[in-house]
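Listed below are the structures to be examined.
In what comes next, chain A is part of two complexes: it sits with chain B in the first one and with chain C in the second one.
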Partner chain A sequence: MKQLYEMLCTQYHVYDFEQRQDRLAFVSIPSEQLVSLLTCLRDIYGFSHLALMTCVDWLEESRFQLTYILRNHDGHRELVIKSFIDREHAVADSIHHLWQHARVYQRELHEMFGLSFPGSPGMTEPMILEGWQGPPPMRRDFDTLRYCEDNYSNRDRTHSEPEAHMKATMYPED
Partner chain B sequence: MQSLYPPVKNGKATYDLESQKYLKLWQGPQHPGVTGNMSLELDICGDQVINCNTHVGYLHRGFEKLMERRRYINSFPLVCRICVPEPDTNEYLFAAAMEELLGIDIPERAKWLRTLNLELSRLASYLMWMGGQAGAFGMGTIAQWCLAHRDFVLDLFEEWTGARIYHMYMIPGGVRGELPEGWTGRAEKVISAAEKLLGEIEQVFINNAIFKLRAQGLGIIEPEMIDPYAVVGPNARGSGIKRDLRKDTPYLIYDQLSFDIITENSKDAYGRFLVRWRETQQAIDLIRQIIKDMPTGGAFHLTLPNVLHLKVPKGQTYVKAESTRGEYGYFMVSDGSAFPRKVTVRGPSFSHAMALLEYLAVGVNIADVAGLMVSLHTYPPEIER
Partner chain C sequence: MEKDKFDDLEVMDLPTDEESDPGFTEWRKDEKTLLNMGLPEEERDWFCDARPQVHKKSPKIIEDFLNWARAESLWILAFGTGCGAIELRPLLTARYDISRLGMAPRPTPRQANLFMIGGYVSIKTLKRIVRSYEQMQGPKFVVAVCSCAINGGMYWDSYNTVKRIDEYIPVDVYITGCMPRPEAVLAGFDRLKQLIRAGKAEGQNLYAQNFDYYKANQKRIIKDWNMPDYNW
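Presenting the complex of A and B:
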């Protein structure tokens, strides 16, 4: 994996190499080189399987970590590509042309994190949260409790102890 | 054939529903032919599907968000609920991701018990799937047989772990308990009965002319589609692709067991049934191997500090395992606190039920949509998590 990283270093500004397991490594890349790197890994280095695409919200650093997990089936190696984008301007390049299922991941990230992938088909269609009005719920600054208190109310119910309830309904004269 | 399809204007298909030629039909969210609760928005012409859109969101419980607000150990009752028929893969992967970030190695005995648990849940999940596939093609009797035998497997789980569906058996550092006395004898009885059932399924279902007529040629996944659509597991093996994480990147004690990767070359729903049917036999064989070779005695759990105050070192990892539907993965990010920063679940259904199903459903007879969907073995909670 270290060898692959050194080869990638000659073409791209990859940094932060971290070997996690024998066959799993992490690298980071500036967002403007991301699609080019993914295309190169898919077509030249045989990382043809996109296992997962997800996002981590680093609220303190005010940035999103876009994460792509690729697998090379011949060597059974996995490479996790991390790319950071600004939290205030959450726009990333779409990879729907590289993998067919990537558009579904992008649609989910748009809904859950409010990321935008210009050009991704059907990105703005609601996927899981149909009719959702609030802010993107998977962001770290989304307060679940506060949102519920503001938007939903507790049902008006009278609570009664079983003993008192029995007495009141069945033996009121006692 | 082409005249069935609506005219395309500005790159978009335009339907004239008033023409009485097209029909919009919703299959689901409550429908016996749909796995779990999701719905297919089908555009029909005659009895042929000309467009399919899948809609999910009926089972969204926000697991990933809930996990961010819970301590690691408190997430265990959550993760197993992501997949009802096979919850153990989730438990194993969550525990394995934690162990990797903590840098601990579990005892040998725990590895064998975990593998036994995973294979037994594989048997239960495949039995349920075979019942579902038979039911989707109108043979409810086989569904009843399969579910009855799955119930016997659940009885074994109940005796072993105390719960029937959500076992919460694998915990960080090992497993929660030992096998009860005499359990292996009772397990042998149950899996022998399941083995006999598989023979009966072959006679009445695999050799059934109607099933062959309907399933052969249905939902063909070409080998070229495997990588662009991220097809994994039995769906890929049904197209002749030799990939199985248990063999490719062995975890637990799979490198000490003897088994082969099962493939079929017919690429259709019939081939996928054969793959899963043979893998059920393989699971039975593996359970027998594990029971025979398992070392007796020894610790089954590592002594850990109080898990309620456990802080996991900063780091990120991705762990994966072969479930009955293919590659199941957990991406876990820890920021050094007692709460996970982010846990993302990679369910195989995410690619199978959305992009792949939408592609395969076009041109299929409306009566076969249920059979096609079940043959991909999808579970919506993995998409919505």
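Presenting the complex of A and C:
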């Protein structure tokens, strides 16, 4: 994996190489070069499988981390690409032309994090949250508890210890 | 387990229907007509615009016979809304065998009269639940299984899960547990049969009577209401 990283270094501004396991490594890349790197990895280095595409919200650093897990089935190697985009201007490049199923991930990220992937087909259609009108719920500044309290009503709770309750209801004579 | 508000079917404080337009021009419409405003203009005539009616009771001896028949043929709608639906599978096998209680799973709402809410209900599922419930033929009964359907359970602070299902459709019997064992579900069904025989499982009439209350609750949660107001 170190060898692969050195080869990538000659073409791209990859940084933060981190070898977590024998066959698993993490690298970071500026977002401008992301699609180019993914195309290169898919077509030249044999990372033909996009196993996961997800997002991490770094609220304190005011940026989103896009994470792509690629798998090379011939060499049984996995490479995780991290790319950072600005939190205020959350627009990233779409990769639906590289992997068809990336459009589903991008649709989900649009819904849950409010990211925008221009050109991704069907991105704005609702997927899980039909008719959602609040802010994107997976952003860390979204207050889940307050939203829940505003929208859904509680049932009045009565507490009863199981042991005492069963004794009172089933064996009151003991 | 039993809900004790069936003893007296009182009409609750009904919220006013803000959508009703007083200036009806068509001769057959009045203030009770459902407007189906959520549907596109050309689709509004495709659906019935009448409200559900409260079922009138027969004389007592006939009603008792009918209740006995209803209690002995509960057909479950095979609509697994959460993890609680898993408990239906062991009930169907030889060990528990709910067919000896006259119960069977049915594939469509039209053929079923028992709706088992099996667990957490998200907003997207609630839309389907409401439509399926309204499509079921009366008399129909609802059993809510698992703590999620009762008070939210582990989804108590979830952004997309309703915490109590009985605000949106009437529930006859609750079965607690996370998950309840098949024995508990059987006991719940047995309890439901007792309620039906006593003539106290009046969920359908409750729904028709408090239609505006339930509909207002549903529309408050379901922000994109694109279905008919009552799905006959």
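The criterion applied here is as follows: the second predicted complex is superposed on the first by the 152 of 174 C-alpha atoms of A that agree within 3 Å, B and C clash if a C-alpha of one lies under 4 Å from a C-alpha of the other, contacts with A are read in each partner's own complex, and residues count from 1 in each chain.
By our rule, a residue touches a chain if its C-beta (ideal position, glycine included) is under 8 Å from a C-beta of that chain, and two chains touch if they have at least 3 such contacts.
A quick note: this is a predicted structure, and the numbers were derived from the prediction, not measured.
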Partner chain in contact with A:I44 - chain B first, chain C second, else both or neither: neither
First (chain B), second (chain C), both or neither touched by A:L24: first
Partner chain(s) touched by A:S153 [first = chain B, second = chain C, both, neither]: second
Which superposed partner A:R103 touches (first chain B, second chain C, both, neither): first
Chain B versus chain C as contact partner of A:M7, first or second or both or neither: neither
First (chain B), second (chain C), both or neither touched by A:T144: both
Partner chain in contact with A:L52 - chain B first, chain C second, else both or neither: first
Partner, of chain C and chain B, that touches more residues belonging to chain A: B
Partner chain in contact with A:Q133 - chain B first, chain C second, else both or neither: second
Footprint overlap on chain A, comparing chain B with chain C: 126, 128-130, 137, 144
Chain B-facing residues of chain A, complex: 20-21, 23-24, 26, 48-52, 54, 56-57, 67, 69, 73, 76, 78, 80, 99-101, 103-105, 126-130, 137-138, 140, 144
Contacting residues of chain C [partner chain A, same complex]: 122-124, 127, 150-152, 156-164, 167, 220-225
Touching residues (chain side chain A, partner chain C) in the complex: 126, 128-134, 137, 142, 144-145, 147-148, 151-155, 157
Chain B residues within the chain A interface of the complex: 56-57, 60, 62, 64-65, 68-69, 100, 227-230, 232, 243, 248-249, 315-318, 320, 327, 329, 331, 333, 341-342, 344, 346, 350-351, 354-356, 359, 383-384
